[in-house]
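As structure tokens, here come the structures.
Two complexes follow with chain A in common, the first pairing it with chain B and the second with chain C.
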Partner chain A sequence: MRRLVFMNVFVAAGLLFCAAIAGAQGAQGLDASAILAKVDANQVYSTIYYEGKMEITSGSKTKVKTMRAWSAGSGKAFIEFTNPEDKGVRMLKLEKNLWMYFPSERDTVKISGALLRQGMMGSDFSYEDAMEPDDLKNLYSAELMGKEILDGRECFVLQLVAKNKEVAYAKRKLWVDAERFIVARSELYAKSGMLLKISKTLDYTKVGSRYFPSIVEFSDALKKNSKTVMSMTSLALDVPMDEGRFSLQALTK
Partner chain B sequence: MKILPFAARNLLRNKRRSALAMASVFLSILMVIVLQGFTNGFLDSMVRNYIKNETGHINIAMAGYRERVRFMPVDEYIENSPALAESIREAVKAKDPGAIVAERIRFGVLLSSESGTKEAMAIAGDPEVERKLLMLDTRILPGGGYMSPVGETIVGETLADDLGLKVGDTLKVVTQKADGGLGFRKLRISGLFKTSVNSLDGMVFQMSLQDARILLGMENGAQQISVTLSGMREVATMTKLVQGIVDARGTGALSVLPWTSIGEYPKMIQLMNVVYYWVFLIVALLGSFIIANVMTMVILERKREIGILMSMGMPKRKILSLFLAEGTMLGLAGSLAGTAIGVGLILILARKGFDMTSAMAGFSWPLDNVIYPSVTPGTVFMGIVMGTVVSAAISYLPSRRAARMAPVDAIRSA
Partner chain C sequence: MKTSRFAGSRAALLLAAALAFGAATRAEAADGISLSGHVQQSASGAMSFSGSPSPSGGAASTLALALDGSRGSTSFRASVHFALLYGNEAATLWSSLQLSPGKALAFLIAPAFEAASPAPETIALLAFDDLALRWDTGAFAFEAGKTYANWGLGKAFSPADFFAEFDYSSGSPTRLSKLIARATWFPGATSRVDLVYDPYAAMGATIAARAYATAFDSLAFSAAAGIRAAAGTSPRSFLGAIEATFDLPFASPYGEAAVVLPLDGSAAASWSLLGGGIARIGGATMLGEYLFSPEATTHHSIFAQIGAPIDEWASLSLPVLYYPESGILAAAITISLSDLAGLDLGLSASANRSASQAWSGKLSLTARCGF
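Moving on to the complex of A and B:
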């Protein structure tokens, strides 16, 4: 089994979101590291497929993007947009590289630079967020700050500090559901302490014995009146997947 | 006794002394006029380029665009901009036939080629209109040509080098569209331009408004409309006129601003104006000091003459008038000569320009690499008045002191 990294909307919009997956387990007597390990452990899937809808609200305007997404392991993901404005636009992630295919010009471009830091398809999380690995325990040192009631549910509050400089967010604050071990809320900070992103899990789907977040809201703290709500349907986990899908040839087919 | 002919005879009597005094006035005024010409040319270049390349004298954009202008957002654009631009064009050209109304879009892009990718800035507008504004068509390198309205682009020489592209190759442009999605367009490179300004040659390419609208999914929109007038005088009046047209359109989301109210650049120009004013003032004081020194020396040297004139019964008032007339005549002659030569030099330099290419390569602001010094009627007037008044005043003071002495003391003290 390989860890699922690129699993949410853009399969790995990452830790904003993927840490929100957890199994229902007892929580008493756990330290921060153990809680984080349980959050991580609930992300163990070999493959994922879903159909997604992204509602991007900016001021009074709302845009809707729909897509189909496949992901395998920690470094492979393939997304095809299906909304009329972007129909046929495809995205391939292979480890730290990202390619986009544009049907209007029938050509593929590798995405890099500042464009990676822009909101993915106008949403509140960036392409760079999607490139992030999701292995919280290996990437961050955790400290248990206490417990809080969030939306009527008891949550552990964890403070995470990055172990190296390569991660996009130097600090995170997580509210982990004490029973389900999903991240109910996540705040992502820059090294300076500035709040950059917030994610909230709005709804769950039970997949086997695990709870899987099916609707998640993201917001960029640096943008006014902006949020992105991602919902997933037709979710399929651990299904057989053709390796050829995650190739540059598949992008242009 | 007539003072003026007497003063003139006195000046001609000691030609070397008069020439020395006049030369000091001449050199001082020449220095002031040339400095003023260069600072005028430098600031004019900055203002002119900022207006034609960036904002126009009057700029129309969405209020939301103004708030995030440094990010060059494409999601805040003027819908149906051709209709609005046409209304503005009709009204403005009725009062200023030379005015240029241009629709424009500027945005950040990722450029791609076989050899890699590079971030750059696209400037999109009507290629024919931009011949009069950006004027990059005048900087096209041999082997290339200016762009056509669809499917072609001109690229900075360094930028093309970095991407390993040449004339005839395809430039792949990726950017975020107005709706947040990613846009992609391929353009044929019709020419490479070289301005010798690093930030332009290494970061900028020009594309047509039509291509930009397709790439950005803007349909019939533009990020901004700029109105470039024939001169500065009518900016306030024309801004009101444009504001009226925009108001009549019935949308409160548009912002109409004169160039002086947009961004930090005009404030920087104003600051430079103040700095140059003080530099000019110091140079003018230095010039006055030179004139004063020489004139004082000349008058004090003539104390004996003043004493003799007094002993011969010449009234003090007439003595003062005589020296004042001499100082004024010297000052006027020196000032006229200094101003004439200074203005002549500036006019010659203004025709050829002063090439500062190597010094300006690292500049990021919109400045011509050839500076054209300029002269105004105010500069000419100031040069003549300054030299004459300072000379007259400096002649008056020491001669008054000498005239107050007893004639015998004045003769002895020389």
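Moving on to the complex of A and C:
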């Protein structure tokens, strides 16, 4: 159980990265649904591979975790940690199932529902965050609240309400870059209206015609002086990927 | 009989070690090889309350190394640790070896272990923790060496894991690695069929197969069957087990059922049931397990553990192991601090009650530096 408390992995980073993908298109005359559709459209990819770094800061202390990640659509993901403390720890997501592999015991653990709300590795992500699909238009009804200037850039402000109870966050507020359709800032709320999580895009990189967030900061609103910064050090989109990568065999290899 | 079995085990272990390190050498210029490890220093004070209270002290210095590598479809892992144990740390190891002499097969120990001898003041120990080679071909994988079967769902007890042997000495139960050979077929992304052979099992050489699958996003289940060879007074037996876990939003109950059926009809079948669950309330994660084995010496076994983060860098763990019939009890409270000036620190206080109802207590401090 102890190892579950200190679990050292996240798929969420990759998925939340993808939630902020956008393309450079004009935005005049768009309603909330169309804006969300454009954000979603820019999230579509067949496969993605990246190497990433996660910096977990609490107070004056920071932990650094590095990883390699593969993903196909929003349903399949495989992450392998490469930092010395967690080297060889892997995570496999297949639709709504999540497994972790611990090399020291050669043990595969299916992450149970009771533990999905647990923060991963002291980060500001939960396993539930990792399990959330990134198709916002299907999950939420959107309302355009107006425009705001955020960090010098014009953004649409969208209010999202979940269409069903199975969604992890009942409400979201998004600041969508009006030119690039990147989710520049996102606030995630409980049904009661309590603010739970905040994400900010700190930097981005252009891959082909897409703008990808390259550095994103996440914070858990219920924790004091805590944040997690995820950054990509390399990225490849729509690359050929062995389907066998997303299997228990690959997880334990 | 035991001597020859252990001699065979030692030879097999050394062969596995040679193969693993041979693979390591060949893999050096290939896909990847990595060396990791840690240095750990612990000090402890203990007090026995049987008769007049008798205090004792001890210390342990440990260097642990793990070598991992892969080349194409072959991967290996080799891990060892070297330890110098003093005082009650040496006595604790000596007592565990007296209870389970089979553990000694994975040790090079000085002075040499003699079950009838009293515990020495100082012990030097080289232990082979993990030495295994794996080869994947298509949907099949083959593995041999000192490693883990990891069947069953139980964290402290697991009747469905025919190969499990638990170590409870640290408070939190851990499975011990064993010399086994395994063939695995992965028919789908989320299913697997294992065939495992343990030639040196204490209860008799065992071969068994297990099928694991998931369904409906929240159900995981498996079924296993095998044969255990006759050993000592135990006859050749059929082994059968099923296990299942179901995910609920805030709790995950799980269960195991196992049966041992003597094939010569000399005794009735014996069976065991395990019920357990993991729940999360607030920031705390709770685990509870109850094992019922009506035909075993110990009919009832209970384990519970609560783990809770104090903050991002400190956590609290409270494991309790209890056997109601004998009254044996082991409880501990551990505070762990991670990455404090580059060190991981652990402060643990434990209380134990033996079958003779004698109480003892122990306070230990551990500092670990990984690399």
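Rule of thumb we're sticking to: the second predicted complex is superposed on the first by the 234 of 253 C-alpha atoms of A that agree within 3 Å, B and C clash if a C-alpha of one lies under 4 Å from a C-alpha of the other, contacts with A are read in each partner's own complex, and residues count from 1 in each chain.
The criterion applied here is as follows: a contact is a pair of C-beta atoms (placed from the backbone, for glycine too) under 8 Å apart; a residue touches a chain by one contact, two chains touch by 3 or more.
This structure is a prediction, so every number in the text was calculated from the model and none was measured.
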item: Clash-or-fit label for the pair chain B, chain C on chain A; value: clash
item: Which superposed partner A:56 touches (first chain B, second chain C, both, neither); value: both
item: First, second, both or neither for A:96, with chain B first and chain C second; value: second
item: Touched partner set for A:86, first chain B, second chain C, both or neither; value: first
item: When both partners are placed on the shared chain, which of chain B and chain C touches more of chain A; value: C
item: Partner chain in contact with A:174 - chain B first, chain C second, else both or neither; value: neither
item: Contacts of A:241 with chain B and chain C, given as first, second, both or neither; value: neither
item: Which superposed partner A:65 touches (first chain B, second chain C, both, neither); value: first
item: Partner chain in contact with A:229 - chain B first, chain C second, else both or neither; value: neither
item: Colliding region between chain B and chain C, picked from 4-12, 112-120, 166-174 or 184-192 after the shared-chain fit; value: 166-174
item: Overlapping contact positions on chain A, where the chain C interface meets the chain B interface; value: 56, 58-59, 63, 85, 104-105, 107, 110, 112-115, 118, 122
item: In the complex with chain C, residue positions of chain A that touch it; value: 1-2, 4-6, 56, 58-59, 61, 63, 84-85, 87-88, 94-97, 103-108, 110, 112-115, 117-118, 122, 223, 226, 246-249, 252-253
item: Contact footprint of chain A on chain B as seen in their complex; value: 64, 75, 108, 110, 112, 117-119, 172, 174-177, 179-182, 184-186, 217
item: Residue ranges of chain C touching chain A (in the complex, touch as defined); value: 34, 36, 66, 68, 70, 75, 77, 79, 130, 132, 134, 136, 139, 141, 147-148, 150, 155, 172, 174-175, 184, 186, 188-192, 214, 217-218, 220, 245, 247-252, 278-280, 285, 287, 305, 307-309, 311-313, 315, 317, 338-339, 370-371
item: Chain A residues within the chain B interface of the complex; value: 56, 58-59, 63, 65, 81, 85-86, 89, 100, 102, 104-105, 107, 109-115, 118-119, 121-123
